Amino acid sequence: MPNEMPLHAVPLTIEGSWMLHLFWRLDRARWAELDRQKQEEIAQQFADACCDTGAQVFSIIGHKADLLILLVDESLEEVREAELKLRKLAMSAYVSVPYSYFSVVELGLYESSLKTYRALGEQGVAPHSEAWDKAIGETLERQREAMAPRLSAEIPASPYICFYPMDRLRGEDKNWYTVPIEERARMMHEHGLVGRRYAGQVKQIISGSIGLDDWEWGVDLFADDPAVFKRLIYEMRFDEVSAVYAKFGQFFVGKRVPNEKVVSILLG
Amino acid sequence: MPNEMPLHAVPLTIEGSWMLHLFWRLDRARWAELDRQKQEEIAQQFADACCDTGAQVFSIIGHKADLLILLVDESLEEVREAELKLRKLAMSAYVSVPYSYFSVVELGLYESSLKTYRALGEQGVAPHSEAWDKAIGETLERQREAMAPRLSAEIPASPYICFYPMDRLRGEDKNWYTVPIEERARMMHEHGLVGRRYAGQVKQIISGSIGLDDWEWGVDLFADDPAVFKRLIYEMRFDEVSAVYAKFGQFFVGKRVPNEKVVSILLG
Amino acid sequence: MPNEMPLHAVPLTIEGSWMLHLFWRLDRARWAELDRQKQEEIAQQFADACCDTGAQVFSIIGHKADLLILLVDESLEEVREAELKLRKLAMSAYVSVPYSYFSVVELGLYESSLKTYRALGEQGVAPHSEAWDKAIGETLERQREAMAPRLSAEIPASPYICFYPMDRLRGEDKNWYTVPIEERARMMHEHGLVGRRYAGQVKQIISGSIGLDDWEWGVDLFADDPAVFKRLIYEMRFDEVSAVYAKFGQFFVGKRVPNEKVVSILLG
Amino acid sequence: MPNEMPLHAVPLTIEGSWMLHLFWRLDRARWAELDRQKQEEIAQQFADACCDTGAQVFSIIGHKADLLILLVDESLEEVREAELKLRKLAMSAYVSVPYSYFSVVELGLYESSLKTYRALGEQGVAPHSEAWDKAIGETLERQREAMAPRLSAEIPASPYICFYPMDRLRGEDKNWYTVPIEERARMMHEHGLVGRRYAGQVKQIISGSIGLDDWEWGVDLFADDPAVFKRLIYEMRFDEVSAVYAKFGQFFVGKRVPNEKVVSILLG
Amino acid sequence: MPNEMPLHAVPLTIEGSWMLHLFWRLDRARWAELDRQKQEEIAQQFADACCDTGAQVFSIIGHKADLLILLVDESLEEVREAELKLRKLAMSAYVSVPYSYFSVVELGLYESSLKTYRALGEQGVAPHSEAWDKAIGETLERQREAMAPRLSAEIPASPYICFYPMDRLRGEDKNWYTVPIEERARMMHEHGLVGRRYAGQVKQIISGSIGLDDWEWGVDLFADDPAVFKRLIYEMRFDEVSAVYAKFGQFFVGKRVPNEKVVSILLG
């Protein structure tokens, strides 16, 4: 019976906007050598470039960076050109870039994958056959339409941001990528239930970065109350999928800097 | 029987003051280029800013940093604004910030969680139902009132500080986050007994940083005799919860610099 | 029966062109001190050297580097001399080299190894005997001729590049190098099937670096659509050989800079 | 029967002198800008400060540092003030401090702990009862007197030093801190036997740094023949306690610089 | 029967020449500020010092370093003094030293250890008894004489060098230091057989660095054809001792710079 074969392991995903997180650290020794007028001129040019490119600016807490500059656009080319524009500003001679993250908004379709793979299995359609590819293509297309608003990442207007990259564990004993897709779908579903309880307090954007950057996913959370970042992530840590299979990179917390305050946050 | 269901896994926690540990390293090459009067002027402006923001200053032993500047306040906004104020001082053109730690004072309520979860289980109240949320809310409120003095972190006046961040292990075999809450509560209780034996010698502040910084918790110890840091932490290392489930970051030891000595510690 | 002995474990490989990936980061503070004419002069000298040495230039996204300079040549000596030439340019006083990768194009001949080892086993030829060495030499020679076009790495003209180094796992329990060669050949074959489905969308160059650099292999992917990097590598992550035995280094994504644009990408 | 209870797990330890290892790297670019007379003046001031503070100076082999400055004193305050004094020297504008280690001389009393714990167990004295604390206090006092010469660390006059920090393993399977104290005592005893065979050739000082620095212990070895460092540590690596439970940090090897040569080792 | 006791675990080793690998990176920004005559003068002084100290110079491929300076001498003191001499050159104000490796040529005598330990076991001689020490001393003396040419490391004249440091694994499950010496001897013997097949193509020098530097051994390979480094090390990776028990540090590949070319390789 075809539906007793193991299901295809790879979950369907659809991609949306491209994202580049740039973390800037001000070189205060050199910056302080400029007089205030020169600082203002350079900072204003930077603020204008943020306007032009649609870059959103956040002030980062602690030593990891001064600013997060978040670039989001429909194509990689737009993101890349915005980055080049920033690199060529006078301001960039006064900063270093201790970290960045490059990714693309991603929706992982575990439930719809299961349904599609089961249906194709019952019909005896072989993975990667022409019929398979056609059916998968249709599912992806349907999902892209249904999810369109979530794929074109609107950065929420909330004042606080929390960003961190993460991996799924590939340990010698516990390995996410060898767990059957039904088990992974169940764990992702339970994980989603926790998130849903925080829906009114936190908005999140998940972006995929396998093949694009050093971790597999980037997570952006947005909230009015930064304590919620801690409560949500602590609660999630007891989910099976996080407790056993999550590896986390650095955590960055910042406060939105509205465009009209970008200059003043840089001045002495 | 409802009380035979596994208890909810997430311990209740309450949060208090926000904390930012800033570690500063003096750039001695550039600092030495200033004449003494200029150094005094800049150092005095820094000392004044510490007064204004309530920052406490410690002189750190060894190469990791020269100074720890400890910012503690009721809201993240106050802490963040104090940090921005420091970043804009003339002094900050003569230092680098090799490390920092951002967290919020936290009390983990393992015993009260167990009691509440057991009671709710016996009453057949489903987790995350309206009745559950109400009961949990009341417990948290009661605890916040009872614990108010410990939540609003008064930094002890003791001369020596020891700071380190830590995680609970999520190994492939030994994983804190998959241990039943009753077991975790028992281990935390035994861990607390060791601490209690040192109550007269050490004061501690635990702050949570899941979702805020790269480790899960920050620990600040304060003592009159720095040898006590070693004795306490060595003894605790044999506790089950530390022996098996603790991962430690860097350890920083420092001596309090009273405000009136901040200038002189910076001068050549 | 000789053919029941374990087969020789080492897969046959043939080598082609030598590769050096050089990642350059512009020192913007010092670069900005030059007037535009001087910048142009220095950048033009660099662009000319790229022409002379056949270096291909890519603009890298994010903080890891500004440029990837890809040197490919028939002999190590040519690659090394090209690198020395670049080191001596005026430009190299305005860049740092945060990363590089040194490797040689490699084709791993798992299927042909199996066939040859089985045949020699059935003939009772002892490994490393004279007859063995002769037969192996003939196989390698035949393969070198048959594979000549793939050994002499033509860098595909596609606009986007993705580079990452990788290892095969040598864990205490899961260890690629102790898996029987038949099992490894089977896993590599399945891995290749995934790659083949992307043949029209991605071109890849595998280079070996055991004994040459810090990881065992380097992977270069070339595509018109950078989203394909993510889809291919995500799908491959569920292959047994990747899921269980792959360890990845940093991922670098870049866009080709045609020679006539090398100067303009460097100017302010 | 009380003596069948598991013995108290924490070995008794006594502390002696405080130690600070400071590793200095000369900034040769800036140092070379000074004329010889200025260099001599600054180096002489540094040499004088070494005399005043009792600092011992070693010339370190390789890139890790130029000098090790070893501060040893009866109290943390004396060590800390010596460090502050060094930080304020003109010399410190020409060096960086790539590493340091802060610790206190420690004698671990495994044998005496076993004897005391067994006796108290047989008498039915409960751990941490008043009687227990009194007996433990008496044991510690007796040991402090008996060991006084080893607690007040006299730095041996041998020309060569080897310093490294270390931890005891807390792996998921092999965990020093969950091994019964009798087993640990046995392993430490066997470890000591190896050391004793080298008694005429190597002198060692063990210092504890749990809660003080990033590793648990620091080890200083002193010898006339540096090849002995290798022989001793290689032989010890086959001890059960080292083979299974030792994690090592960086190794530093240096040659003593007598005070009258401190200036000349710094001059060009 | 005494010969059924486990054999003594520590293999006999004999030591020869001391080695210091110094890796230099040119600070091109500062170097380029000198005029050509000054560069020549400084580079010539460096080349002369290489002659005087017998230092051999290699040009390193990639970002890890520009030059490897290899110091080999009969005593640590000679090596250390050569290093000090180099540190004091004008050149050293224009370089950083990103890496170094300190070690002593070592021959591990597994076969002769087995033979000696078996003989002593059969005679009932207790380890570390006077008779034991005498017999061991005689074995070592005999081996030192027999191996004299290999102990006094003559650096082969081949144009290419490959250097890497390595450890033997001490994992929780797979631990080289708890494997019986007979097993280790067998694995080392098989490992040696692979090496022997490359005898005409590669010369190697093994140096020990336990207690001297951060890894346990350093390996230098010398060849006319650098592709042989890859082939040899890839083949060895399937040996049991490498597959299971080898941990590798960074790999450095370089080309010999004859003394008369040291100046020209540094000039712009």
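Order of writing sets the chain letters: A, B, C, D and E. Residues in each chain are counted from 1.
Methods note: a residue touches a chain if its C-beta (ideal position, glycine included) is under 8 Å from a C-beta of that chain, and two chains touch if they have at least 3 such contacts.
The structure displayed is predicted, hence computed values, not measured ones.
Taking CA atoms, the transformation carrying chain A onto chain B includes a rotation by 70°, reported to the nearest 5. Between the Cα centres of chain D and chain E there is a gap of 28 Å. The centroid of the Cα atoms in chain B and the matching centroid in chain C are 46 Å apart. In chain A, the positions touching at least two other chains are 172-173. Contact topology of the protein chains: cyclic, one closed ring where each chain has exactly two touching partners. From chain D, with the walk directed at chain E, the chains encountered around the ring are D, E, C, A, B. Here chain B touches chain A in the complex through residues 9-10, 13, 15, 20, 22-23, 27, 30, 76, 79-80, 83-84, 87-88, 90, 92-94, 97-102, 104, 128, 170, 172-173, 175, 177-178, 208-214, going by the rule given at the top. Every residue of chain B that touches chain D in the complex is listed here, in rising order: 28-29, 31-32, 59, 61-64, 66, 160, 162, 164, 169, 171-174, 197, 221, 226-227, 229-230, 232-235, 237-238, 240, 242-244, 246, 250-251, 253, 255, 265, 267-268.
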